Structure formats: structure tokens, C-alpha cells
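Here the chain labels run A, B, C and D in written order, and each chain numbers its own residues starting at 1.
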């Protein structure tokens, strides 16, 4: 029997992307799509690509489901849970950042939903804090080094598509401004830094610093990051270490050839490449910010928590070109 | 048991797009990928997004398969069939334009593979000529009028993504030139005009003219067309007629709201909208040129010819944004 | 001595583009930039590219100037002139559509500011109605035929950059939506149709129809149009006719080779190409919508009305690539 | 009287961009455009935007000129000078990288053509090595720190438009691949690193390292860079230091507000912004790679070497949007 699913905040980008994924998922059934602002409107009115795919009407009423995704603005998940009691049996996956640094909500202990390190914990959990998009791309590039105690201070630049800024109309998402343009934001101060450092410093003996400059890119989907780190190992040994770390992963691919962002756009994959000069390495990583960086990873977590194959419903055709 | 598939010309865009689709298709198994120029190379070396999805090596040897896709440059399919005898039992789907205007090859009578009008013929066929990309988008916009004998002379502009020009490096596919640029090509002289007119004039009593100006767009995937036609029917009646024509279609969606190209990019859907002023209507249509305009439609035809559900393996997540 | 200039609505795209042009114009001096909504703000705060180019502060006070440009939303120029008496000596150039179809304002008789047909009238005028962007691109493609009485019904598709929609944040100018997307708007119903028909029907004996479908393009600057028209002349003769018509033009270039939009982006040029099949021709034209389609043409008109060389201050380096 | 100019390699991007600039320059006259591969072809055939701007025919014959620009592939300038003796009176400006690290050619001692530090040397020189594009953007961001002995190890990411890769058709400049894509190249190994380090280490007491990862961007023009450096000064003091350093510059603008790349595209400006967190600063800089990063800077150098105002012919209208 299929598990029932509710999505809170289904009218946003990550919410609607969950609808796209779950509409074709073999083991789930969408029961309700909650949206305060668009209640009464069909989801396919907001996102016409969903026409004939999902004909649910957005609602402001909640019913009990096996699985609940929270796709709310950051810091609103906790309020929502306060105001809307959820059964202990329900698997809650929060796509906001309320519980990413840990923390409980009543009896719920949120597990950090990065399956590449917390697969076992996710399997037994009813409460999952889905990682941030940059946090996913950057951590996956660093974890193999951290696990071997090889991580030192990190200098990272990352670039993100406009979907990362959501659907609200802003000067920095105005087509005329953003087209063919590059700019920096939240320089050395992005909210994902703490999330990343928490995880890598748990593994690495020596505490490290992350100096991260995020850029706005002139494309809609995707994240590409390059991290420079001091490292005295041979490149070949570094690759061995990365390939070992990800040897069982169905999602992270370690490449010895040049990678590009578009090879993972519209998929749940992460691809990583490493280059070396002198005693410095650069680790490049790329994901789709809405999939492995948000809704795809949420489905991956849902699969694992239910004991299903982790890529169920995630065999997505890449955009490729 | 799965049907075996061979792809001739698997190294090109339509060939590799078939690989992306068939890698996840439940009823088929890729047996060989033929490429003269890239024989010995893994398909995933050419298209790194296919890494871990398809690990076949391109070959210049052919073996017998249940299904054979020809993804050759236009006018080379016939030569290929001459040089490479294919069992009569094999379903041959030609993505080139050799047989689109009809014509036999030995005992093979090629059916025109537009399922929206030739569903029955495709069901019993072993030889299918897959329509052209613009031909698909424009015909689907015109057929309901032609069927009712309402079609008059047509004035169409269509715009196509760069993937329509294939993977060869040309001045008009140089990023520096094409980015933010629009240009016309094959003005009033595109090879798909005959293909379109043949079909619409079969249905429409009065023979009509198609004046078609194709444009190169500054995007990779997609086709958008607008056709202006004299029409004295009420818009409401026109919509009734279109909706009737496509009432059983799982692929063509008739919309009374504004459509945009991206709502069908990375899917096998076609979306159509009609607007009217005075005695003129404009019919807009949009498809993904590589999917409903090529490889997706080829898979749809394969499904129908095999008696499978026509959308099998074609439940694709749209790029959406 | 330099002529003084005031700009009403200087905070918008056409207003700021005028600032860019006039900041380097040898015969003018910017005296004030009027903006109700941004009064007190430096223009370079709104448009940082103007930093060190123009340090004027937007004001809501008006003083007398030799030249006044109105860059207001459509239909607001007339109101503005009602509320703000302007000296009869002042050259008023209206970039809105209030006076494009003719009409007086008090003693002011507005001349239609298309220098390619009204050069003489513009020379003696104090009141100029600057043409619309699509109106300019399409008329320049049609006028030589109209003058020879060769114009018949016209079927036009045109595509415009996002700057045509101004700086207001709208769903259709949201980067995520517009990037890689094409859509139609105001189908067969664009406000420039009347403006175009008025001019071409003045020249052509037989009244013609214009069926025009405008598209939104995924670029910021530029317009490209293709018009299909019945024409029984040889292509060579048509070219002779076009080249004669524009033989003295410093702005319109007639090309026998393929044209592309980007060759005129960031310039005041218009480029035109003609192709023929059977008894139909397609006339392609391209301009920069903010320059020859708005502020560049306004400066050209200002030059002519002042008896200056018409390209003064308009020798702009093209973006080229 | 105007100075005569010859351009060697006028058929490439930097060569044709020089033509665009010099066609409107008040003190120069283009005498010949040398191109071996396109000899006999009008420059406006290759670059149609130059039609009616420059009607010179590319030639393979050389005559004496006051000024000579070398726009050859890297490492070919020296060969060219060997084979083509140039009068000692001729001002030679080399846009290649043959002489950027110093070096003589016969009696010619090449000055490094970064006017922001070598203005005086350029004034008296007949031989100028024009800096690289990334080298210009990154140095201008670092020099004020180096001059104060404050520079420490540098971690830089920079992104460049496709024009940086020239006009040759390559897989990485194929529109289909590059559109909406990001990738790294020459990681930690770009040829401009030595050029940058030579200059900054001349100023800074302590030798520093530059760890530079260049990215390919999905736009045609522009460079944006972010450099992370340890710095214990207050942000206010850092800004004072930068503003002092550039107080006489007509080209470099120091901004305390967020900058974006497009504000300098199609201009000869460089814009710089600094941000600080803890003991780390990030210095952002942006230029147009073909102007301040190549041909614009070459004209600036020409102006200075001739004793003309340095921005002569460089008052370019920005693309702005």
C-alpha cells in the first residue's frame, strides 16, 4: 500500500519540485498540498508544467499523513509545528534550516539528512532536517578529507542559479539585471557555513575555518563550487580516498575528468573532481540546487527512512544540454 | 522479457537522448550503440551525465535486435539499410527524414510516426518514419483545423534551440555569437514544409500554403511556434474542436491560458494555445525539440508499435524553471 | 553654447539610457533629472554604471530648459503637460505613445519622429512624438514597399528583450521564468499596430492589414522581426528599391547577407534583409529596442530638430559579441 | 594631424574590438588591418556590426605607421617582430603575453602596460606589453594592499565570458554545452598567475602565493573575481587605502556598495568592492575582458604614450542591462 504524503508550503519552488518528483513515485500518494497564500488554487495553475501531472488543489487544511514535508521559509518550521500538532508516527522532513544544527522538537530528535554520512541514523528516524543546497555541495566535497583528518582551512567560491532565491520578485532576480551578470552576496557570511563546519569539524580532529564567497549566477538551476585546501597527499592517493568514501554511493560520482555543472542539472547526482598544484588542491563539486540540494535529497531521505531503495523515483533524465 | 534495442548513430544528440530515455525504460534493454566515428569509446565519455546510467561502449558492429533506431544524418538512413540488412521482424524507427514523405524500402512500408493521427497504423507497423521537430510542433497546431476543412493559408514563425543544430561546431552555434542573439535561417524554405503540407493537405479539402520562417533561438532546448490563419469560427468553437481532436491524447495539451515554451522543456508533451482577433487566429505550440520533436516521440512510437502504454518511460520531470 | 536638457521620468530604463547618451553628447548639458518616486537619490545610485559618468541627483522640481524629454508611462505625457506648463521655445520629445497617432497639445502639433520619413518635418518642429520600439523596427522594414504601392497584407512576428518590459518586477520578467523561455503576448493586438498602419497606409494606395504576434525573448536588449508579404517583384528589384529608399540614411543598413540581432545591439542602427520564395517575401529587421527603438532615436530627433548632424553622440561601440 | 595605426591580427576578437574603438577615436587613423588568414576580406564581412563603421579590407602587407598593435596568439609576437622589422619610432603595443614578464626585443624594452602603476613609464615608452584580462582584474584588486605591505596569501576565483576563449570553435564554446553551464579550467595553473605575482611581489615586502581557480561563465563578455586574504585592518581603513591608491584614476572605481559585473560591461572601467568578516577580507573586482582586459586598456596605453587624455575615445556607453 502506498504511503500518504502531505506538503506544507507546496506553492514554492522546493514544494512544487517535490510534487514533480512524487507524482511519479511508485510508493507514495500525494494526499494534500498546503498553502496559506494560494489556498483554493490548483497547483497546476501556478506551475502549468504540472497540468495533467498533478491536479490537486492547494488547501489550508491539514489531515494526517504517513509523511510530511515542510517547505517553509527558514525559521518558520518550528512555529508551524507548534501550531499544528503532528502524530508521532508521521515522518517529518524539514527542508528549512530550523533543525539543521541539531535540536529537538518535543520528542522529535532531528537527524541531519545527509545520507552520505548519516544513512543509518536516517533509516530509523521520524524527523529529518534536510541540508541546505550549498551545504550539500560543499560538504560532499570536503567529507572524505575530514574523515581522514586531512582537512585544513578552506577557501570556497560557489555559484548558484536563480531558483535558489525562490519565486519572490526581487531586483536581483529581475531578468534584465541578472542576465549575463555575476555578483557576490552574503560574502564570508552565508548561513550554510555553520551547517558545514558543524559536520566537518565532527569528523576532523583539528577545527578548521571555512571562508566562503557565494555568487549569483545567470542560470536558473545548479550549483558549482571550488574549494582550495592545503594538502600534502599525492593526487592519486586523494582520489583513492574519495573513491573509497563514496564507493557505495548511488548519488555521488567522483570524476578524474573535468566536470561541468550541467551534467547533473535536473538529476539528484553530485559530481566531484579534484586537481592539485604544489601543496594545494582544488575540489570542485556540482549539484542541482533544487534536487540534491533540496527536494531530491528530501525524497532520497524519505526513501531511506522507509527502507526503500534510496533512488526510488529519482531516476531522472538529465537536461544534458 | 525485455525487448532488445540497437541505436545507429548513438553518439549524436538524438541518439544519446534515446539512451537517456531507454536506460530507465522498463520493457527494453540496450544491446548495442553503433557509432562509426566513436567506436571503442564509452557513451559516458562523450556525455558525462550518462556516467553510472549507461556504461555501454560505442561499437561499429551490429547484431540482431527487436528494435532498431536510426539516428543518422538526413538522407543516410536509406544507404545504411542498403548496406546493413535488417531482419523483417525488427521494428525500425528512423529519426532521419528519408521516409517521412512516404516511400518503401524493400518490403518495408514506412508509416509516418505522428501518433496523434496515425496511432492505428503505428500499432501494426515494423517501419516508422519519425517526424521532424518543427514538423511535429506545427502540425499538431494545425491538424484539428485541417480535419474540419477549416485550414487556409498559414503564416508561421518558429524558434528552435541550439540542440536542433546538433553537436557539430559551427559559427551559428558558437556561444559568443549565439548568446542573446536571434536570426532567421532557411526562410520560407525549410525542409519540414513539405512534410507538414503533405499531412494537412491529406485532411483538408482545399490545398493550402505554408509560409514558414524559422529562427535560431538563444537557448539549448525547445521549440515555440505561432501560426496565423484566417478563421471565421468563434474562439470558443475553435477550442471545442481542438479539445475534441486531442481528447484522448496523453501528450498534447490544449490550453486556454497563456503558454510558454519552458513548461514542456525536458518532457514529451506538446502544449497548444489559440488566440483570435477579427477573422484571424494565432495558434501557438511548444515542444521539446529533442523529445516530442525527436527521441521522445520515437519512444512513444516504439511503445505503441509494441502494444505498450504510449507514455511508458516518458513520465519525465519537466525542467520547469 | 550647449543646449540645456531636462528629462522627465529619468529613473526608468529609457530615461536612464538618455542620460547615458547625453552625458557624452558634445552639444548638450543635462540640467535636471525629474523623478517623483526617486527624488533626492543620485541617478548613479539607481544605475551604478553611471557612477563617475553622471552625478546628478533626481529631483521633483522643474526648471526651464532648451530641450525636454518625456519618459513617462504611456498616456501620462498629456497629463504631465497639463500640470506643468512648458515654454513654447522648448523642444519637447515625448517617448510615450500619447501623440504617436497625431494630435495637438495646445499650440503644439506633434510630428511623428521617424526621421527616415519625416526628416524635414522634424527639422522645424518643437514637438516630436518618438515612435515605439516594435513600430520602428517593423515600419522600417515596410516603408520602401509602401512608398512604391507594393504593400499587401502583412504577417509579422517580432521578438523583444526584457528591457522592453521596463524595470518593474513582474512574473514575466522574473529571471527563473524568463531564462531559456519564449512566449507570446498581446497576440494580434499590440498597441503598435495602429501606429504602424497609420504610416504605411498613408503611403500605400491600398489599405493593408498587419497581423502581428509579439514574443518575449530570453535576452535583455534587442528586437528582431520577420514580416511575410506577397510580392511579385524580383528580389533584385526589391533590393534596389530598399537601397534607394535608404540611400541617404546614416542609420538604416540594407543587407543582402544574413543578419542577426546582435550586430545592432547597443547601437542606433537598424539592419534589414529580404528573402524571397515564390511570390512571398520575408523582410527581417533588427534594432536595439532602447536605442533606435527609444532613447537613441530620441537623440537622433533632437539632433535633427537642432540642425545638428543626426548621429551626433550616437557613434556607439556595438556590443558585437 | 592624426596618428596612423596598423593592427596585426585584426581578424580576431581583440583586433576587431580595437577597430571598433579606433574607428571613432579623434586622434588616430586606421591605415591597415593585417591578417594572414583573411587577407582580401573586408573586416565588416567578418564582423557585420562594423558595416558602415570601417570598410577596410584585411591585408597581408604591412606599411609604416605611427602606432602598431599586435593582436596575435600568445608567443607569436616575438616571431612576428623577428620577421617584420618595425621602425624604432613606431609605438608597439603587444596584446599577447610575450613581454608581460619583462624582456627586451632588440633595443625595445617593454613596459608593463598597467597604467594604474606604470603611468609614468608608459608616457615615455615606445614598447608596451598590455596585461592579460584576469591579470588586470586581479591585480587592480590587490595592488593597494601590496603597496602597503599588507598582502598575504591570496585565494581567488574568477569567472570569464566566452569571448576570452576567442573565435575558434571549441567544444567548450559550443552554445549547447556552455549555455547555463559553469566549469573550471587551468585550475591553480593559469598563465596569468606569474604575471600577477611579479607585480604584487615587487611592491609587497613578503612574497605571497596566489591560488587561482578560473571558471568559464555562461555569458559572452566580462570578468568577475573574488579574492580572499587575511587582513587585520578595519574595513574603513582598508577602504581609505584603496580610495587613496585610486584617487586619480579615471578608470578604477572603488565602491562601498555591492557591485555586479554588468555595470562595467562594454566599458573600460574596473569596479572594486571590499567586504570583511573576522580577519579575512574578500576583494571583488569586475571588468570587461575585451576592454579594460584587452583592447580598451591598449587604447588607454596608446593615449598615455602619446600624451593624450587617457580616456580619449573610451567614453563608452555601458550595456547597463
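One rule holds in what follows: a residue touches a chain if its C-beta (ideal position, glycine included) is under 8 Å from a C-beta of that chain, and two chains touch if they have at least 3 such contacts.
Since this is a predicted model, take the numbers as computed values, not measurements.
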Just to be sure I understand: going only through chains that touch, what's the smallest number of steps from chain A to chain C?
1
Over half shared numbers or under half: where do the identical copies chain A and chain B land at their interface, same or different?
same
In whole angstrom, how far does the Cα centroid of chain B sit from the Cα centroid of chain C?
39
Compute the distance, rounded to whole Å, between the mean C-alpha positions of chain C and chain D.
34
Taking the mean of the CA coordinates per chain, how far is chain B from chain D in Å?
46
Can you list the chain C residues in contact with two or more other chains?
13, 163, 176, 179-180, 218-221, 259-260, 262, 321
List of chain A residues in touch with chain B within their complex:
13, 16-17, 20-21, 24, 47-49, 51-52, 163, 179-180, 220-221, 250, 253, 255, 257, 259-260, 262-264, 266-267, 269, 271, 315-321
Show me the residue ranges of chain D that touch chain A in the complex, using the header's touch definition.
155, 157, 159, 176-177, 180-185, 187-189, 211, 213, 215, 217-222, 224, 226, 228, 258-262, 265, 275-278, 280, 282, 284, 286, 321
Applying the document's contact rule, which stretches of chain A touch chain C when the two form their complex?
13, 161-163, 165, 167, 169-171, 173-176, 178-180, 218-220
